[in-house]
Structure formats: structure tokens, C-alpha cells
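Single-structure report; data block below.
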């Protein structure tokens, strides 16, 4: 059996170790008599770095040695390995979002006026993080509260070209009447037609 | 035979009246490498000189105990005895094997190895087979005779195949010995939180509910602008750079046509009404500029 | 940012997961709308296998899915990363394991019948602790002894995808030869039905 190329031994060791290894540790993998000189190990590490270019994995020297890591470019896919199962949004969040959509630009205080309860900061934060709403300015009243509006991402998510594709309140009222009249359950089909 | 080999033979083995135990120990003596060349017997067993020991039985005396303990039970020991003599498992000379088996049992007893009951049970089984082999076999019910060894042969073979299977499994490439699972860190390991899915219908129903509730609490109905205007209000606001002036005309996109211009204009008027923006014109017919209200 | 090639996403995920992933799990890394068809994933896995040829790492399907592993050719070097020698297993344990693997579900008594000796509790305990075997039920005989079977972890550990990849058991020789030879008129069928 032929001895594999040094860079592949280094690669295998770094992969199997699952964490950083110092060059000295890599050298320890060889019997003294067969140990390549230190600079060969550095060359191997750099050769590997070249090999990995464009592949989403990279070789990096950190405090405790060299390690192979999956680069940030892969995070959108690889990160999903550890993702948590989604929960459902609260009623409060949906109502707040609906008010921002229908009444934008709107401040937190104005949302609270309509809902009759305080809007928690975490709800606003969630919607900001999701890029569904953003601050478009500040109302020129004491405290200069932020005004929220929906975003392009919001429209994309709900598959709308523009906000006016949302059913109007009047239409919603009609729907209510219709529902009561025909004794429907939730008017799923009717509402979807509007979107 | 070399001097060393002569000396290795216990002196009393050849001179004193041999006991069976001594015979057994001598029988196992590994220092006798070429017994077929021996001039004199190295052991006397049941009064008969023994000049041969199995070729494969070469064990340093210290290792004798280890060797005996290495047997995985009576079947393993029997298999060893059969293999050692190149016997066909289908045609075991029961008397021979029984005698050898008993030697090992005695040896184990003498070495005070913990002797599992199974070894003694097997001794009884062997003795029984031996006696049945000697006796005329009574025909069984269907008139056929059964070899008294059949059951033992079946068990030996069955055990042998799993003994082999154990070796095969041991030879399989194994994690941690022959292969190593790999692992790497993610450069930036963030736990991605999957976002909940929201249906448009949910959103609309939420709005309907919140408005229905608001209706119950408020005495006046807020007049609603068309949504397109409110949307445009947001767009206009977001285009304004805080603290600087934006030319009024740049808020209009000719590609949107007349309808678009009207919506933008209504949005600007609405923003003015809500004092969210200021319009500035330095002199008549000069360009109008828009800036977010209250920011200098 | 351009989406990396599928095989590199697969590679990054398998490396980062640090253990086997099923093709279904790999597919879950993509949003439904952007998910390549299943056969593309198989192609990616096979392409990676080709890429790895001669490098001392390999891609292998075991019971729990596909994994990247450092192969046997690297053992002389990579094995030195760990001070401790890999564990050796006693013949008693291996024989017991072999009986469970080939004859599952099997009770302790049935194992003892074949081996001709008592199976020590510590052997069973070791295998249970290593997740190689588990109790899959109880035989409906007096004492209701537990029946043991091997697990996915057992297959993963021994680099197997399924039980049928185990080396085949030696044939049982029937007693025809013996019968003819000795003229016993031995009913061979009685013996054969045991095999």
C-alpha cells in the first residue's frame, strides 16, 4: 500500500479530529523516522486551502490550531440542520401586522389605540427581523415615535403585487354578512380569491 | 532432541510412575518441538508411551492457563480437539475425543480454573454417546436408526458457524478502529429559527377581528384612505433621507402613468395633513423640495 | 451571491452534521420552491464519491444515511489522534452479537443453547449501552424472556447499510456423507431442518 499524499493525511486527520489541530500534533501522526519536515505540513495546509476554494469549506488557523470548517456561504443550507421547528405566531402579532399593513405608516401608540392593549416590543422586533415591516420615519409628536410600514418582502411573502390587493374592510364586512347568511364555516375560498 | 528440550521435560515424568495428571501436563508441554524424533516417550498415558503431541499445540507453560481460559465453552473445546487432529466433524471418533476432552477437564480442575457446569454436562453427554455407540441401536419408530452423534454434530456445526460469524463481524471495518466519522465546525454556527408560516387569510381575519373590536370601543369611524395611498405614503416616507431635502418631482415615476402620479400626489397631501413631511419652496416657480418633518 | 453547486452543499452538510444524513434530510435543507429533484442529490453523492477517490476519505451509505468518513487507508496515521487504543471485544461478546445479528429476534436462552455456555449479563449490558442491540419484545414462553435485535447504530458502527450486507453464514453440512459412509440410514432431514 502506498503512503497517501501528505495533504490527504492532514485533511483526513483534521476531518476526523473534528476540531483544530496544531502543526505539532499533525507531525506526531508520523513515526520520527518517517516524519516530513515542518514546512511540508504548512505547504499541505496551504495546498488544501487552495483545493477548497469555491467549495464552501475552508481551512483556517484559529487559536488552538488549524481546522476545516464549513464557510458562511453555506450557512443558508447547512444552518438548517440545527433549525428549530417553527412555532405559530400569536394573535397579537397577526393583528399588529394587519394594522401596519392596512394603516401604514402607523406608530406603536396608534396600534395600541386600535387594539386596546399594549403592543409588546418582541412583536415589533420579530416583524422587523423578518423584514416584513420597517421604520419609515418618526411622527413629529412628543417622543417622536417610529412609524412602521410594510416592506417589499411582506408583499412577496403574501404573494401580493401591491397593498391594494388586500381586501378592503368593507369587503371583509360583506364577507361576514355572507358567511352568516350562508352559514359557512370560515370563508377560505372567498378570501383567497381576493388575494 | 536438544539438551534444552530434555531438561524441559519434568524429570519425574519419565522415571516416576506416571499419574494421569502428569501425563496431561507433559502432553501439553510445548518445549518438545519435534516429538516424532524423540528417542523416548515424554509421557506415559494409561500405561502406554506417548511420543507425539499435536503439532499445533505449542504454548509457553505460563500461557497454559490463559490458553485454557480462552475456550468459550465445551463446544469450543471440542471443536478445538477435532480441528487439532484434522478430523471430519461429521465423523468424530467419539471414544478418542471423549478421552482427550476429559484430560482437559482434569487439567482445568487442577489449575483451579472456574469450571463452568456446562463442561461437566458435556462430559456426560460424550459418555452417553460413547455408550450408545457401543450398544446395538434399537430401531426408532419409523424403523430408521439414528447416529447417536447426530445431535452433537449438529450443535458443533451450529456453534462453529457463529464462531466464524463472530470473526467475520470482528473483521468488518469498524468506526474508531478502521474508519473515522468526520466533523467540521460551521464558521458561524447560528441556530436558524424557522419562521412560522402565515397565511394571508390569517392576516385578513386578524384585521377584521381587530377592527370589529375597535368598532365596539370607538364612537367614531375613522375614515379610511384607499390602501394604495397609504402604501404610497410609506414609500414616500422611506425615500426621504432624514435631514435632507428631496426634490418633489423625483417622487413621481413617469412609468406609472397618470394613475400613479395621482396616488403619489394624494399620498404627499395625506403626509402633509398628518404633518409627517414638510414641503419647501424657496421662491415662486423654484423647485419644490420635500423633507421629513421635525428633523431640522 | 451565486448558489454553490449542489454537491458542495451536500458535502458541507455532511461534514457539518458530523454523522449520517438521509437524502430526505439533505432535501430539507432547501426551500420547497428551490429544492432540486431527488435524483440530483444521488448524483451529487456519487460525484463526491468520485472526487474522494484516492484521497483517503469516502462517502458511504450506512443504515442511518450517507456519511463522509476517513477510510481504513488512513488508520495508521489518523488512529494516532487518540491515545487510547480502539476497544477490542471478547470472543464471548462477538459470538453473542453474531447470534443476535443473524438470528434476531433471539432470547438469551436461545443464544446459550447455541454457544453451549451461559451468556454473562455484562455482555448484554455492554451491547445495550452501546446501542447495538435492544429488546424488541418478549417471547411468549414461561418467564417471558426478552428478545434481542440489532439496531441502526450497530449497522452504522460496522459500516453496514442493512443486515443483508453481513458476511454470509457458513453452510451447515448435512450428514448424507456420513450416512452413506457408515451406512446408518440416518434421516438427514432431521438435521437439515435445523439450518
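Residue numbering begins at 1 within each chain, and the chains themselves are lettered A, B and C in the order written.
Methods note: a residue touches a chain if its C-beta (ideal position, glycine included) is under 8 Å from a C-beta of that chain, and two chains touch if they have at least 3 such contacts.
Everything numeric in this text was worked out from a predicted model, so none of it was measured.
When each chain is reduced to the mean of its CA atoms, the one lying nearest the mean of all protein CA atoms is B. Chain centres here are C-alpha means, and the one lying farthest from chain C is A. With centres set at the average Cα position, the gap from chain A to chain C is 38 Å. Chain B and chain C have centres, each the mean of its CA atoms, that are 7 Å apart. Centre-to-centre spacing of chain A and chain B amounts to 34 Å, using the average Cα coordinate of each chain. Shown for chain A are the residues that touch two or more other chains, namely 12, 15-16, 18, 57, 68, 70-71, 74, 78, 80. For chain B, the set of residues that touch two or more other chains comprises 180-186. By the touch criterion stated above, chain B contacts chain C in their complex at residues 70, 72-76, 89-91, 116, 118, 122, 142, 144-147, 150, 153-155, 157-170, 172-186. Across the complex, chain A is touched by residues 180-198, 200-211, 213-214, 217, 224, 226-228, 230-231, 233-235, 237-238, 240, 242, 274-276, 292-295 of chain B. The touching residues of chain A, counted against chain B in their complex, run 12, 15-16, 18-19, 57-58, 60, 67-72, 74-75, 78-80, 82-89, 91, 94-95, 97-99, 101-105, 114-116, 130, 134, 136-140, 144, 147, 149-150, 157-160, 162-164, 166-169, 172-173, 175-176, 186, 188, 191-192, 194-195.
Per the touch definition, chain C reaches chain A in the complex via residues 1, 4, 8-9, 11-13, 15-18, 21, 25, 28-30, 54-57, 68, 70, 73-74, 77-78, 80-81.
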